[in-house]
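Supplied in structure tokens, the structure appears directly below.
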């Protein structure tokens, strides 16, 4: 019953096989190998556009380096107040951008709204040197709360970004989970809706350490290669990242993994909805489920071997917080989650 | 005939096996797993001391983060003018330390001497705010030129460092190659000789992406964990680095790899010494060999499929530079280098 | 009728005289002159303790450099969401600290409360690398809203800071105005109440460009001299800053200036309280007055030559915002404000 | 006999008068005042072009902020190995540019040559991510050694800069001294010879704290305003800098000051040339004179009240170093140097 994080599973079999396959022979170092070129082309095929693609080893690196590309002196990035880039990356976006501010905005269930973005625009107006300048909006798709922006929502935010000449960044640590949830194409969920740059995550969905920054707006990423090296994120045996992506994309393995994780989350949701003691905190649109449980029950589950995290309820509006004696918990499914563990977990909630 | 770099080979078999073995099951993310703890203890056993150990994925990250730990405002690091940290890391040490200067000093064949360090002391005297302050000396063991410091040499430099209260850092991207060349213990080559912190490399010697920063002076590394995360170098599935180290250390695999690479380099040296056309540029004490070759011959070798790099001869003192019609070339052997390739290469030199 | 800012006046006469007086003769550069040493001692006398004192030329430099001294990798500074360091310094504290986050907290009328600080403690708990680490609390005395913390309030916040081992910083851009408002000693308002470091401002109160960072906790400022130089804030003719302080402190000129500015603000308050159209937004405890005025009236005042700024009402809790047709305005008095201008202004409000 | 530095004198009379004059009345803060606009126009008149002009308070700030404008990730600035930006600014250019490397090159008497620049080009070739990228060449005019580049020399270096698409920066801390020495126009010595940006110093030549960054290539400085504020270098009472420039430029006061200082240096040179014991180290083309003196004589001069600094002779090529028993000394004249002090000094050398 491992629902603590999609990071607790190792790498999936096809990815391990790809690693073994591409381990043969010699190959130029530092990303100048044929496999890296091939994977770059694969990204272009998948996204149906001539994007630039740079692979790195962690989601924090992908986000922080991407945002640094958009940041100018005194810069700020509008993001949700609970966004990973603001609260979970130890200041990496601020550090790698030499001081850009992650400007937290409100929004229910992890999602920015046009209204809260407008509020941000008032807080950092244009052309006032004292306030610095806003340079980007960053969305998490899926969000930290397991919800996903609809394409119309992304388009609306993109319009706002264009009005203020801001880059639109998507943190896609759980890109695949949102994609299969929306049932649309990668192009539709990104550049066709106005996204300029994407942190494309594979690690949480079955890889060891494989992330990519995808620039649909290629000008933004024009010196990314130098940023990556300067931050220590260019691997010498770069093909080991490319190899993971090879396994990830082959035969739609990535979509299968995401569909499985989401399906397991759906089963959790269904079980919670019929539970007399648990309450679904809000709708899930990915592989994350947030649930309000009595403390006693949570303790019993842990004793039974379930792994999952209590979640700070201050991410909720006051009126949405759990009732007395309950707390908020996060349950995350992964490509490896077994249905029997889900059923076992739900048995405690019945 | 692959002598371009020890980065061109993939991962060795025992390391691939360890990855597969530790891929089983769930495991806490972000380095809080049992395997990471086990590997930390292995390092302590190998170095015979209670050091702190932090794993990362690239040598540039290891060096730059380590040096940032010693850097104070206006800081400088004394290093050889050809040191990797100064010329080959795209300013990563400067960036991750928020501006420390890599202060290049002379020295034959890639090695600092007490005299050139003394010269550095004069260039950045103590207590003058305009000049900033020196914070560290960094040695590369083995050096960029394939040479190695003797233990007595390290001790002498350590004495100088102590005089000025400087941290002593060792860039051990090729630590194992130097170690087997000196035929001493890891403890002797590091903390017992006065080294405060070590970038311990495994990637060039058979891993995919596995490096560690080892703090013998634990105070220096007290907030390394935050530095690593802030720079995006904490992997979520951290055990994939630990697993590589597990395969690396098991049954002295790391020492075997290094011995093989050095032995192949020795064979190259022997062949060059008897060659009527090639000249050994200087003694090799690791897996790197520098040789002066006629341009024609170099071209012929490349046409025959040999991969190796011409090396800028400005790293040589003027009197040591290759004669007209010759250039300096670097030949690197790795754990994978085959003796038949060495013999084949030498046939062209005969 | 200049109420736009206390920065619109030039330097006061005693300060100009001190500049002329100390312009005579030669004097060592870069702060190694006798006058700088003398002023340092004057600070120690005024604060009744052996503090360290470093002069700079701008309040932003003072704040940002001071906070950088407390900042560790992944650091955060708790401050009011409207604090100057968070919204008015173009990211200088973030930049000069290499990425520390100014963590905005709520609080009525510009002041942090123990409750909102506690909330911050929950948002950045101790020992979780993902969230980084909190390093300091920063108070503005007087606050951006013209209010002042009582000594008991400072002490209470200091207790909280000690619990979490945070440095307590005071932004004293309007230190003198708060001091004469509280009618206490400089020592009482700072280190005796638990303040570790102070940005001591003179510019808004009659100097040209004279600020000082005062370290009561001297360990925090141990390498400030290098930080100041590294950021370009060490003046070669440093005595021109020291000279301003000489005029500032002589014969309690600084306290006279502040008392005058506060008295003028008091007269504005009195007039507003009896106005049938204007509403005092909240109590003033310094030289700043916030008032709600009908737009029409504000326009008429501007046409009559009054200079003052509309203030974003989003700094107010929703229930405190001005009624329809009104906006919030800030009126600032300085050492140079003339009583007749105050009376003239008030005539429009009657 | 004050020859220690041109920073030891205070401000000249016309500058003090301008400060007093512009102290009257109220004026918008943060550089939005009429005087700042007027001075900007004055710069354009003097340089006969539509440059952008940003005033700051220290030469280190001017240099470091200017260079940060040209710096990209992994950047490097070619400069003389003894350049102020490399050895005397405590790492400010590195810090404010987030890690750009000041890449020291050789050259006799403080001046870069086409040959040494070419050597730098080889050390940091284009398009190799490991080496980072060179972004600028920085010249000091006059140099740290008191010499000046001829216009032809500047043009030649500018050609090299254009070849590699590098910005050409001039550190003009002693701009006026070089200008009157060359007897050319400000336009000729800068943009007409290919200079992109200039640190224009007034402090050493009679101001308190007045420097400006002048962008002939306006694109380079497009967000300078934000850089200045973000580093704490925007003064609230900005007009106090503008006022100094008003006094500086009025009636060619700045040129008079520089001519006087250079003339005093010339007299020193003449005296040294006829001295039986002192040796002129090299030709002076500004207000700085470098001389080799017997230690005994230097000591006697100091006892007689002369202030001047011994200079590290490692700035000299080995063959140029002072003979045994002698050392190298720097003598600096300023607008305030009195002829009788020069004569008195020379009496000891006779």
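Which chain is which? They are A, B, C and D, in the order written, and residues in each are numbered from 1.
Rule of thumb we're sticking to: a residue touches a chain if its C-beta (ideal position, glycine included) is under 8 Å from a C-beta of that chain, and two chains touch if they have at least 3 such contacts.
From a predicted model like this one, the values you see are computed outputs, not experimental measurements.
Visitor: Please find the path from chain A to chain C through touching chains that uses the fewest steps, and give that number.
Guide: 1
Visitor: Please give the intersection of the contact partners of chain B with those of chain C.
Guide: Of all the chains present, those in contact with both chain B and chain C are A, D.
Visitor: Using C-alpha centroids, which chain lies at the maximum separation from chain A?
Guide: It is D.
Visitor: Report the inter-chain centroid distance for chain C and chain D in whole angstrom, where each centroid is the mean of the CA atoms.
Guide: Roughly 35 Å, centre to centre.
Visitor: Suppose each chain is reduced to the average of its Cα coordinates; what separation in Å results between chain A and chain D?
Guide: Chain centroid spacing, chain A to chain D, equals 50 Å.
Visitor: From the mean C-alpha coordinate of chain B to that of chain D, what's the distance rounded to whole Å?
Guide: Centre separation, chain B to chain D: 40 Å.
Visitor: So which bits of chain A are touching at least two other chains?
Guide: Answer for chain A, listing residues that touch two or more other chains: 30, 73-74, 89-91, 95, 98-99, 129-130, 132, 226, 229-230, 234.
Visitor: Looking at the complex, which residues from chain B come into contact with chain C?
Guide: It is residues 30, 72-74, 98-99, 129-130, 132-133, 223, 225-227, 229-230, 234 of chain B that touch chain C.
Visitor: Provide the residue numbers of chain B that touch chain D in the complex, in ascending order.
Guide: 73-76, 87-91, 94-95, 97-102, 119, 122-123, 129-132, 312, 314
Visitor: Please output the residues of chain B touching chain A within their complex, sorted ascending.
Guide: 2, 4-5, 7-11, 16, 19-20, 22-30, 56-62, 64-65, 89-92, 95-96, 203-204, 208-209, 226, 229-237, 239-240, 307, 336
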